[in-house]
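Order as written gives the chain letters A, B, C and D; numbering starts at 1 within each chain.
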Amino acid sequence: MKWYQVNEHPLEPMALYETVRHRNVGAVVLFIGTVREMTGSKQTELLEYESYVPMAEKMLEQIGHEVSERWPGALTAIHHRIGRLDILDEAVVIATSSSHRADAYEANRYAIERIKEIVPIWKREHWTDGTKWIGDQKEQLPGRPEGVTYS
Amino acid sequence: MKWYQVNEHPLEPMALYETVRHRNVGAVVLFIGTVREMTGSKQTELLEYESYVPMAEKMLEQIGHEVSERWPGALTAIHHRIGRLDILDEAVVIATSSSHRADAYEANRYAIERIKEIVPIWKREHWTDGTKWIGDQKEQLPGRPEGVTYS
Amino acid sequence: MIEVLCFAHVAEELAMRSYTVSAPTTIASLREGLMERGVSGAERLMFAVNERYETDDYMIEDGDTVAVIPMVSGG
Amino acid sequence: MIEVLCFAHVAEELAMRSYTVSAPTTIASLREGLMERGVSGAERLMFAVNERYETDDYMIEDGDTVAVIPMVSGG
């Protein structure tokens, strides 16, 4: 099982769970992002995810390193699905483990926020009244996304 | 699948995950508490959980109600295992779901904290150098645990 | 009669899973009994009557089920 | 030659998944090219060279692979 993976296959949350378990883990947190139908009054029909896969997997691995620097001993595995996803399908699974629960929760939440900052994956919403690439117009500043440094 | 359950059977995280999913869920958080071997320099050989089961299941259900009052629309399912548990066994699984991730994370963490306050389940540590019921001597005040009110 | 259920270290120290007392009584009175029997931390124990937490002045009636609740440690 | 990869709305607006430019060049120069072709939000696009984020003054050499990175939206 790869720890960091981006591809078109259905996700397996329990496989990621098994990846981050070991004898001194007391807490595992799994985050599973699923495709939901309604956002306010807008109805989603399907989502389309596209990625620059080799770089995306590197960035996921970087997030894993950031986690283990911030929460020593914490482990992180992340799989993101791409392609066409229907309502209820799983788009991302993040598994974090630690000896104590506070770290597992915080590490997990950190990972999903970082995915939304630095991992080259793009989502196109297909609503009943049109389609749109999300995040394509505003907010981004040119340069490196915050916190990305190289050794 | 019961939403709130305390018994001796091995836990099934994915069954709880399925319980809290529906078409308008965008985020599911699972917490899985497992038996770890080392706590500092103390080595655990096994854990023994005991419960006042009917009341414990009622208290888990109350936690579910508290969650849905605090995070409207959030769903919670909780199973706690009791009896003799070995290293790596799962003691508790909490599944929370919401349309957005912040609520699913916060609801999940709230639930585990409340379990440790109000649910009549007791853990006995079997270390290599002795046994002890955890939480048996200090901190507790007589009366109702904080936040327990009846309508 | 009132049935009193015991758990964890209380059951262990008393070497009993339950005992019965005559109705009516109060939680305060049950607590005193446990102190007299030398149950450790008896002054801090919680009690549930019919699966609800109740406080020391609660009057327990015939047929009620009482549980002595040491500090919980699930999760 | 330098290969430039395009994704999401950039690929859609250009109707191309990739294009090539002559080496050497800079990210600033690629950005200008995208602005000229009318790519929306070109002034805010990020760029990666050989799968690392780099800034506008970065000098791109022969054989490098560049990716134009619109604001990400995974998760």
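Basically, a contact is a pair of C-beta atoms (placed from the backbone, for glycine too) under 8 Å apart; a residue touches a chain by one contact, two chains touch by 3 or more.
Fair warning: this is a prediction, and the values are worked out from it, not measured in the lab.
Seen from the C-alpha centroid of chain B, the farthest chain centroid is that of D. Distance between chain A and chain C, defined via averaged C-alpha coordinates, is recorded as 49 Å. Chain B and chain C have Cα centroids separated by 24 Å. Averaged C-alpha coordinates put the centre of chain C at 72 Å from the centre of chain D.
Along chain B, residues 33, 112 each make contact with two or more other chains. Chain pairs that touch, as defined above: A-B, A-D, B-C. Listing the residues of chain C that touch chain B in their complex gives 5, 7-9, 12, 31, 40-41, 43-46, 48, 51-56, 67, 69-75. Contacts from chain A toward chain B in the complex involve residues 13-14, 17, 21, 23-39, 87-88, 99, 101, 104-105, 108-109, 112.
Within the complex formed with chain D, the chain A residues making contact are 33, 49-52, 54-56, 58, 80, 91-92, 112, 115-124, 133-145, 148, 150.
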